[in-house]
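Okay, so subunit A shows up in both of these, paired with subunit B first and subunit C after.
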Partner chain A sequence: MSLVQNFPFFSIFLCIFGGVVTSVLNKKAARRVTLCISAIVFLMSATVWHYTLSATGSYSFMMGHFPAPFGNEIRIGRLEAVMATLFSFIMFMTLLSGLFNLDNHAQPQKQNLFFVMVDLSLAALLVMLYTNDLFTAYVFIEIMTIASCALIMVRQNGHTLVSATRYMIMNLLASGITLLGISMLYGITGHLLMPQLKQAVSVIHQRGLYSVPLTVVVLLLTVGLSIKSALFPFHSWAPDAYGNAPPVSAAILSGLVSKGYIFLLIKIFYRVIGMDVVRSQHILEVLFVFGIAGMLIGSVSAVRQRDIRRMVAYSSVAQIGYVFMGIGMGTAAGTAAALFHMVAHAAAKPVLFISSAALTDASGDHKRFHFLHGAGYRCKAAGVSFSITAMSMVGIPLTAGFISKVRLSLAGMVLPDAYRFAVLFTLAISTLLNAVYFLHTVVSVYRKASPEAQQAVPCPLHPMTLQSKVSLVILALLTLILGVLSGPVMQSIFAGLRSFS
Partner chain B sequence: MSKRNSNWGNTLQGRFLRWMRFGWEPMDVLLIDKMSQDRDESVNDALSAAENLRDLQLSEKYNADTAIEHSIMQELDEWSLSKGRKIVNRLYALLSVTLCVTVILLLLETVIAMPMRGVAVSPTNNEVSQRYIEEGMEETGAVNIVAGMILDYRAFDTLGESTVLFIAACAVLILLRIDRDKDGRPTQELIAAEEDDRSHEPKSDRILQGSAMILTPVVLLFGIYVVLNGHLSPGGGFSGGAIIGAGLILYLNAFGFAKASRFFSYKTFALITLLSLSFYALAKAYSFYCGANGLPSGIPLGTPGSILSSGLILPLNICVGMVVACTMYIFYAMFRKGGI
Partner chain C sequence: MPQQLLVNIEQTFAVILFGIGFTLLLLHRNLLKKIIGLNIMDTAVFLFLTSMGFISGREPPIVTNGITDASLYINPVPSGLVLTGIVVAVSFTALMLALTIRLYRRYRTLDIDRITLLARKEVN
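Take a look at the complex of A and B:
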């Protein structure tokens, strides 16, 4: 086994070890350690991606001395590697750009604990991508839940604590539902590792055994993970949590954490239950309908918002709807488009949260739109990056959002008539709504404020540093790069999905 | 201007433009007035008189709208406080009861259809559990096969579980710890918490202190026994750690923070957690690296049944036990007064 093959394991352990060490460091050292860790994880993941491109594809890695059905295992393929590379890069850039105003939101003495949470959520994200064992996935879902709740409540005022409590209740309910699903699945198959589970499930399905528990398992796992990723009927926690958390936490939660759960759901569909069995349970139709409803209702709610952060948060609900619509199509092309949309959204959403925070900071901490007039001139880097990523969210050509929307509609074209109509119609309406609220924001940010109002705006307490400006623009440019050079990512996604089934 | 009808502000286009300008915000009258004044002064350089007039019309219309909106909202408020609340509450109660009953029935139906437990043909009785039972002792060196399973076969999951405890302790610290201010002086909040701590209960309770004097050493000793014998008999880090934590909490309750902090301060907590978790992570990283790459790890398993056996399981049990005990103690201290 070559050294490169060990890198996913190294990166997981590095994050856990880093999280433990960070708890005793002071604020500055904790920040440095966390930045180093995410940079190293990015480099290692990129190497692994390069390795999987050149080698035969996927391999599994024993976590211990005991082979597959007896011990834990992780599995590394092109899809996992490309996701890990992009997610760790986004994490690194989000931290570089978003930490400038952390002092506004978190007590200095407690900031090292904030970095503990960041490290461990990166670890949990990596494990969700790589794991080949359903119970390991559950353990790290728990870590992710606690970490993200702490990321919200690190800002201690009334609103944030209420939203954190809401987040906690919904997410713990979802954890419980997922655990119930996993233990029932264990009860009817006797396995926890994904390849063995898939074999056992297909045998059970062919023989027609335990059909009620199998349906309930699929239902429970899907519902649990969709609550956690804020799919439409379960989205009520999301706008509060994202809107009231410190901007960098909101960026991490909505950009990366929710994607980990969706990736795990896709992995469960393809590698545990098997797409044939999933199709026979008709859960995909439900996801499709909820995805479409989420796209429309999320966008309409975003238009109605008066606060820029809540608007961006509701737009997340709409984007999660896109992803679930892609999964709900049930074809490889649909899932690949959904995965690419996940990447596009993960690259854009952190920028939107951080730049909107910078814009409101530059407008005397007012989040309402009419106070933001001229903010794009007061904080140029934030204005530019907000505009670029807003265009990606709308789906203007040359951006990543355009590619994912084209992919989604191409995947929708080959479906039966009713589906095709639903996909194309909803995409059109939702794109229009996206354009309405995002371009409205861009316009109001670049509207000249009256000179008096301009002078009345106080200087922000913690203005953006050069480092955070540069990294914010780089992260915004990533959406353009992903839009222009989507080829390699798309190829890895398709190859990885093929090796999943 | 002449082409536009007088009701322009109410058309779709007019409303859209107004939204582009002001957003949804029902702006207060003052702000609108101020804006139109601003405009008046800057007529020469930017705006034509016609546009200014339109703005004025818009703002008048806007004020009228706002007034109507306010009156409607007020009515709605009154309604929702009296009649509406009752209706909505009943509807919610009805819906949640229906949902719960449906889920309960669904799960009961599932339980009936699940395979029987404890029967030879049950799917969980497969080669995995067979190997754990038959070869577990030989392969892990632990007589207690549960310890062998959680700390050797599936050690990665257990590392995750200990991290869950650690991260939960950190989350509670974020939420409840009351820090000193920048210069190291106690803040008002801290002083208040110190004063409020146990203000309604007797400070030094003879009966409690007497029984704690007898019980604490026994409890701690028993906890240590359960941890150290984790690989030989039922027990292990999680259960033993909980016992030790309970003993520490009993001591704290009887003798107060002043005495307890002589041997358990915040620094002790940080140090113990750091050392045990990093030892766990590093030891398991080494063992996984060897296992995955097919290298001999060189950790002796010893003779099953003796106290120094089963390779890494004993030290890992100690680590887990210390983390659990510290977490329990810190939870208690944080919930009681936000500090140690």
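Take a look at the complex of A and C:
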């Protein structure tokens, strides 16, 4: 076994270790440790990605001293590695660019606790990508939930507390459902490791046993994880939580945390239940319809917002709809497009949250659009990066959003007529709506403010530092890079998905 | 069908309890009762798991008198899962209680609907 093969384990362990250490450090040291950890995790994941490209297929890594049917395992393939690389890079850049105004939102002497939560959520994200064991996945879902709730409530005002409570209640319901699903699955099959589970499930399915419990299990797991990732009918907690949390927390929650749950759901579909069993239970159709509804309703609600942060938050609901529509197609091409859209959204959404916070800071902390006139000139880096990522959300060519929309429509083209029509029609409408609200924002940010309004704007309390400006622009450029050079990522996604089934 | 429900009476009750806890957590307006609902829900899952791992006439999965024959003990995996689940449930309860205390100190009520109304009136 070469050293590289240990890196996924090292990166998970490093994050948990960082979470323990930062709890006793002061603010500055905690910040440095967390930044270092996310950078190291990024480098290690990139090495692992490089290794999986040269190695044949995937490998599983035994945790502890108990071999396969009893012990705990993580599994590393191309898909997991490429996701870990991109997510940890995005986490690093989000932290670098988003921390400049944390003092506005959190008490300075308690900020080390914020970094504890960041470390733990990165650890949970990595475990959800890598794990080969369903119960480990459950435990880290819970760690992720607690960490993300704490990320919301670092800001101590009434709105934030109420949204954190609502977030927590919805997530607790989802956790309960997921746990019941996992317990029932264990009751039917007697396994918790994914390969053994899949074998047992396919035997059960072929013999026609336990068809009702199996459907219930798939339903429980799907509903649980889609509540957590804010799929349309269960999205009520999301806009408040994203809109009231500090911008860097909202960026992490919407960009990365929700993606972890969706990735786990895809993993469960492909590696635990098996796509043919899932297809025979007609749950994908429901996801497809919910995804389409989410795309439309999320976009319509975003158009109606008068507050830039809530608009960006509602746009997340719409983007999650795209991802679930891709999964709901039930084909490898659809899931691959959904995975690429996850990456594109994960790269764009943190930039949108952080740059909109910088723009509102530069306009005297007003979030409404008419106060934002000229903000793009007052804070140039935020204006430029907001515009680039808004283009990606709309789907202008050369951006990552364009590639994912092309992939989604290509995947939709081969489906039966009704599906094809639904996919293309909704994509068109939703792109139009995205264009309406994002381009409207870009225009109002760059509209010249009247001279007296310009003079009245106070200087922000914590202006963007050079470091955060540079990293924000780099993160915005990542959407362009992903759009121009989508080839390697797409190949890894396809190869990884093939090795899943 | 009714007979199956009677044979698996623990699981039947576990699912009923789960439903009670779930409804309390989802629908009740009082935050404390929501937390009670959360605990009922989690305990129901623990009952479900333990009853699944229990085999009548066998010993708890702790090696006694040096006997290592696995056929004399019950399945240890569900008990392990329950222990993990208890830890998770305790930490969730603690977090929810902390949130509730903060909300109560601020708004002097435990009713989530009233709290939401009061918070909306506040200037951000």
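In this section, the second predicted complex is superposed on the first by the 501 of 501 C-alpha atoms of A that agree within 3 Å, B and C clash if a C-alpha of one lies under 4 Å from a C-alpha of the other, contacts with A are read in each partner's own complex, and residues count from 1 in each chain.
In the analysis below, contacts are C-beta pairs under 8 Å (C-beta built on N, C-alpha and C of every residue); 3 or more make two chains touch, one makes a residue touch a chain.
Predicted model only: the values in this text are computed from it and were never measured.
Chemist: Please indicate which partner A:F114 is in contact with in the superposed arrangement: first for subunit B, second for subunit C, both, or neither.
Modeler: The first partner, subunit B, only.
Chemist: Under the stated touch criterion, which partner chain does A:Y261 make contact with: subunit B (first), subunit C (second), both, or neither?
Modeler: Touch status of A:Y261: no partner.
Chemist: Quick one: classify A:Y51 as touching subunit B (first), subunit C (second), both or neither.
Modeler: neither
Chemist: In the superposed arrangement, which partner chain does A:F17 touch: subunit B (first), subunit C (second), both, or neither?
Modeler: A:F17 sits against subunit B, while subunit C stays out of touch.
Chemist: Regarding the shared-chain residue A:S183, is it in contact with subunit B (first), subunit C (second), both, or neither?
Modeler: second
Chemist: One more residue to check, A:V212. First (subunit B), second (subunit C), both or neither?
Modeler: The first partner, subunit B, only.
Chemist: Regarding the shared-chain residue A:F92, is it in contact with subunit B (first), subunit C (second), both, or neither?
Modeler: neither
Chemist: In the superposed model, does subunit B or subunit C contact more residues of subunit A?
Modeler: Of subunit B and subunit C, B contacts more residues of subunit A.
Chemist: Considering only touches as defined above, state whether A:V443 meets subunit B (first), subunit C (second), both or neither.
Modeler: In the superposed model, A:V443 contacts subunit B only, not subunit C.
Chemist: With both complexes superposed on chain A, which partner does A:F135 reach: first (subunit B), second (subunit C), both or neither?
Modeler: In the superposition, A:F135 contacts both subunit B and subunit C.
Chemist: Which residues would you name on subunit A as touching subunit B in one complex and subunit C in the other?
Modeler: 135, 139, 142, 146, 149-150, 153, 184, 186-187
Chemist: Which residues, counting only subunit C, touch subunit A once they are in their complex?
Modeler: Residues of subunit C touching subunit A: 11, 18, 21-22, 25-26, 31, 34, 38, 41-42, 45, 48-49, 52, 77-78, 81, 84-85, 88, 91-92, 95-96, 99-100, 102-103, 106-107, 112, 115-116, 118-119, 122, 124.
Chemist: How about subunit A: which of its residues touch subunit B in the complex?
Modeler: 1, 6, 9, 13, 16-17, 19-21, 23-24, 61-66, 69-72, 107-110, 113-114, 116-117, 120, 123, 127, 133, 135-136, 139-140, 142-143, 146-147, 149-150, 153-154, 156, 184, 186-191, 200, 210-213, 216, 304-306, 368-370, 440, 443-444, 450, 452
Chemist: Enumerate the contact residues on subunit A facing subunit C in the complex.
Modeler: Result: residues 135, 139, 142, 146, 149-150, 153, 157-159, 161-162, 164-166, 168-169, 172-173, 175-177, 179-180, 183-184, 186-187, 192 of subunit A touch subunit C.
Chemist: Write out the stretch or stretches of subunit B touching subunit A in their complex.
Modeler: 19-20, 22-25, 27, 31, 35, 38, 42, 106-107, 109-110, 113-115, 122-129, 131-132, 139, 152-157, 159-161, 163-164, 166-168, 170-171, 173-175, 177, 179-180, 182, 270-271, 273-274, 277-278, 281-282, 284-285, 287-294, 297
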